[in-house]
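Structures for review follow.
In the two assemblies presented below, chain A is common to both, partnered first by chain B and then by chain C.
After this line comes the complex of A and B, so read on.
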């Protein structure tokens, strides 16, 4: 069994093929098939637990083409990712079964969903960077297609394009990084690259360059500043797609890649510094936008960016393990929040939280599950989000800069605030618009309940995970850090409570103060505007100018130079022409003229006469034949039959 | 008595009669469907020929009948295609009268 572990993702592939072929007949039942396929992969992966926990590294590889192997590798890191991802994919597909019930284009939807899951699994089990990159790009394609699922809507179509192109910017860097590593070590394989790095075969500057480039890819895929712009727009896709992108695949692929390559990042202080700066900016930057967002899914999208920022900061100060822990916990509670959001939007019919309110009355199960997710992301002790966020804070406090630490604390407060703002606005108080709330079907609630449980308990994975990954020590426990983070979260919650639930503080009174920043944050710092209007426009302009310059000075220069030299040469040849060549030509012309007089006579009377004769004969013949050629098939057949009779008679000797 | 009096030549006579009717139909009928019928007649005349030869000639076992089967299959295919073409023509020109078709002239 163990030797065949690399075939374990096959059920997902089988589901993909079934959906691709029979999707039109199966319709939404494709979701169940995908869920079963993913569930099978989940169960098969669980059977690997004994081998993985005993510290084994399962590797299977064979030659793809000379020098490059196709390899599969399951160790502690990829095993836990595999478990989490297949579990989530399976739940999300089960959820889409009801959620997408009456949509059109389900074959396309489910094919791409399952392909998304499959390529994420392939990305996780790949044992070399090339294979990872392939899976990475397939995911880019899937995200493009799924975000633009409602492609009749122009905003959805352009959101898909934006996601694809923005992540592609990062991918170019990533490919460069991979190629730098390949050029330095001659291999794509993780182990070979690591051993080359530890034996000093690659210089530190090469490592710094490669890691920085690969981080560029991660910035694109995991939506870090400044390539975060695609993620808020990705909300145009159906909700299960958002859940998949935010929780299981896509943004987590970037984090996984960083953790996978952490032996390289560890040694490059410069890269770590950059990562930390980017992460710190992202954390606060996104949290501020989340506070003012009015769209359910958009709040969650900004919170994803912010939470990913947490992981990036952790990765920037040697905290691969806290980052991994947060990746896993975040996967659970963000999937929960998104599926819950879908459940609410499904029944209310709009994503605008200003039009919701009082949903809890209708959707008790969804509401309770969402409360668990909200508490978890806010970092309340006892829930999973607290455990990993705390690990990150401790790590930053110990190894990172104090500035980042304070930013993270502040963001913790903001996170609690905007999440509870969301929760109170949606689930409590009075209805703010006329909608008919109802609870979602069972197949949407099962994933919610399971994820609700996971959101509470996934923090308990910390100790088993430490055993799995052979990590003996984490950052030292520090009461100040723990208390301050809890206090920050509580301040945020109380703030939300006062403003949005008890309504003791009426924000309308502060309109004049808030409206300025509100507009600024709701327009996303005008960053998208900046990118589209200034960078893109000037980029086009500058590249046009460069092309023009090249054309004018280099190409035109060559042509003009060639023209000038030809002119000079021709001046010399002109002299030779006039006296030698022209004289010869003139004599020849006179002789030719005489001869042509003779041939002219022959031409007119003999050749032309023959031609005219032939012409007359042909025209006459044509006129005669035209009568027979009347275009009617039966006439032709008649003559055929007459011909056959004649021939047969001749052969038979009648005539 | 009667069976004895029917020999090979009677069969051939019958088949050539049918074949001639077929040719006549092909050459004179105005409607495509009728022409297709006539072609069927010609093919069946050939069938009669083949089966008759099979019966009256020695040392041929069932070759003639097998050929007749082939022809039936070919006839079916041919009529299917013929009808399909007729439908397409009808859609295009709104008529199936052969007189109106003189595209071959051009």
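After this line comes the complex of A and C, so read on.
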């Protein structure tokens, strides 16, 4: 069975084909088919556990076209990712089955959802960078069409476009990085690249460049500063899409790629430094926006960016394992939070948290599950988020990057604060608008409950994972780090508790202080405005003006000028033809005639004798002279030209 | 088999002339044209089936003495590169025939010209004699000229004359090059011949190559077209009728690429090495400049026309890389761009027919009016911007792989063009299809796809996906031919 492991993603593909063909008949049942497909892949993957835990690496490769091979590979890393992703995709599709019930365009929706999941699976099991890139880009397409699912809405269509183009900027860097590696090794295959790197076939500077460029792709897909701008807008899509993008696919693809290529990253200190800086900026930058966001999904989107920043910082501090751990834990609790958000929005009818409040009364299961997710992301001991966050903090501390460490600590506090702000505002206290709350249907609650359990226990995966990936030691335990991170989280929670639950502190009193920064953060630092309205718009305008001008006045201009000149010249030649050439012909005839006249003259008058000489001179002279002075311009012109030619040739002869 | 080969090349023009001369209804004419072009396509498939992929030499050779005093013969044959372009031509003509409906003006004559054009195009790709090559090369201009002139848009006279004269200048440069080669070789070894095959292993002196190659290169570059010799293209496309545009972008431009490979890069190895970097610069400039221009267009068809300039730039970039990835990428691009651009131009025509405009600023929210058309538009745009899994990507990645090995960071320019390409396509999609329905279109009756259009579009869609996922067979077709040319050039 193990030999055919590369066929294991086929159930997903089959589901995709079924949905693509019969989607219009199946309607929302497509979701169930997709869930079953993904579930089958999950189960099949589980059967690979013995092989993977015994340290085997399953590989299958084939020729795509002469010179380039594609292939599949399952080792510890791809196996665990495969398990997590297929599990989540399955739950998200099951959830969509009810969530999307009354929507139009379900064939399109589910086709792309399943394709999204299938691409992510392909990305994980690829054994080479080219195949990964293919899956990576197809995910970009899926995100484009799913974020823009409600295409009649301009904002949704723009958000899809923004996601595609922003990530495309990163992708181009990534492609360049892949090409650097390919040019140096002649292969896209991970193992071949790694062995070339360790044998010194690729120089360190090339590795540094390649890893840096590839990190560019990660910045795009995993929404790191400054290419994070697409992710907050991505909430324009239906909620299951957000769950898929934030938890299972897309943003996790970037992290997976870096962990996969970590043997290369490890050796390039410069790249690691850049990664750490980018991560550190992102962590805080996004958390600050989350505090002031009033849209349920937007808060979660900012928190995703921030949490991804944690992973990036860890990767910048040689902490691939903590990063992976956080990728997995975050996947579970973020899927939970998004699906919970969807469940709430579904019943309340709006995503604006200022209009919610008291939802717990109607949605006890959703509310309880969400509490688990919130506690997990806040980093409370006993929940999965704590485990991986702790690992990251320990790693960063041990690596000696104290500045990043303090930023992370601060962000930990902010995270706890904004997550509990969200929780309290949504689920507790009194209703702030008139809505009819109700609990969601079972097929939406099953995923929530399962994910709630996962959010508590996925942290326990740490030790088995260490065994799976042959990691013998992680960063040393350090009580100061652990206590300070817990303290930071508690401060955040207490802050939120005081302001939004107990309402002991009334933020209205501080309006004058807060409103400035609030506006700044709510407008996302005006960064999006700057990019979209200034850079992009002016780029389009100015580049258009310049190229159109070049086109019109230079490239086409020269051609038209040439054509016109030729036309003018041809007009002149027509004139010249008439006067010079025709004139010349006439003249030649005349000259010939004259010469014949002269010979006639000689013939008659010289050979006939000189007797009549006097008579000739007197009689013929008048006729001849009359001919030469015939008053025609061309005659004079002709003689002028002949004269000039004579003079010029004489001068030429002299000099 | 030889007679079958001749039938494939000349049969279309016989039918074409018959259509022009005989009286019949448009409906009959369409079925005759469709049937005969399908037969030709089947014959080309048969040749593909018979084609021996394990050799790089020319196959199905026909050689009959023709004008012996000039050393010219009636010589045909195909290698892998020709084979792929022959398949492209016969296929696209069938698609055009399916697409053409019999409700427009003078369909019978249009179909006749299309079939004559097919013969000319096939002739260019299979001729193994310079005189024959040149005759076919020039013959291509005539039906296309009439297609633009008679069925074209408002500025058709200007466009058709510009097209004719501009590309004719290119032909003239090629002709001068051929004559120079003819006399140079003839006076050196006493054999005056126009047989292309006998030039493929002849070594011209370095000086001769360095002087004549730029001329031939510009000649082909005009056809391709390469910036700055491209200005005939947007005008020709904007005015050309849809079927004409499809063949113009789908096949006519490929003649330039084919000529570069067959004549330019094979016969002038020294010059090619010498000018490689300059050609690459021309290539990347075309890619970026074409893309930026496409971004600035309001006319959808003009946008697509400039995107052709951009994509053809990558052909030159790939060839200039002088390695197998670059060459395969360029050759693949000829095929991939052929089917993708045919689809794009067909869609432009359908939109124009339905909405009487192609102006992006006058359209909006079309996805709600013509959902089926929208699906194909999205697909075609995504294919053209080089999404992995579709045919364009295979070409693009090969070109980039080759070009990076050869030119390193010159490639950055090409990569920027990829972003711009994604930009103009997605912007156009957003403005034309998504969001609210444009006020001026509300309440209007607009036709979505007709059945023949659906069939034609589906055919191309399926092919674009197949050639994107399974590029092996096509690359194997010309891989060896490209390797042999590279062996001559001294590349890898």
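Methods note: the second predicted complex is superposed on the first by the 535 of 655 C-alpha atoms of A that agree within 3 Å, B and C clash if a C-alpha of one lies under 4 Å from a C-alpha of the other, contacts with A are read in each partner's own complex, and residues count from 1 in each chain.
By definition in this document, a contact is a pair of C-beta atoms (placed from the backbone, for glycine too) under 8 Å apart; a residue touches a chain by one contact, two chains touch by 3 or more.
Here the structure is a predicted model, which means the values were calculated and not measured.
Chemist: Just to be sure I read the superposition right, which of the two partners does A:581 touch: chain B = first, chain C = second, or both, or neither?
Modeler: In the superposition, A:581 touches no partner, neither chain B nor chain C.
Chemist: If we overlay the two complexes on their shared chain A, which of chain B and chain C does A:502 touch? Say first, second, both or neither.
Modeler: neither
Chemist: Classify the contacts of A:7 with the two partner chains as first (chain B alone), second (chain C alone), both, or neither.
Modeler: After superposition on chain A, A:7 lies in contact with neither partner.
Chemist: In the superposed arrangement, does chain B or chain C reach more residues of chain A?
Modeler: It is C that touches the greater number of chain A residues.
Chemist: Using the touch definition from the top, list the residues of chain B that touch chain A in their complex.
Modeler: Checking each residue of chain B against chain A gives 23, 26-28, 98-99, 101-106.
Chemist: Given the complex with chain B, which residues does chain A contribute to the contact?
Modeler: Result: residues 629-634, 636-638, 641 of chain A touch chain B.
Chemist: Across the complex, what residues on chain A touch chain C?
Modeler: Touching chain C: residues 63-67, 130, 133-138, 141, 144-145, 148, 151-154, 156-158, 161, 164-165, 168-169, 172, 175-176, 179-180, 182-183, 540, 543-548, 550-551, 554-556, 558-559, 563 of chain A.
Chemist: Which part of chain C faces chain A closely enough to touch in the complex?
Modeler: By the definition above, chain C touches chain A via 162, 165-166, 227-228, 230-232, 289, 292-293, 295-296, 324-325, 328, 365, 367-368, 378, 382, 387-389, 393-394, 397, 400-401, 404-405, 408, 411-412, 415-416, 418-419, 422-423, 426-427, 429-430, 433-436, 471-472, 475-476, 479.
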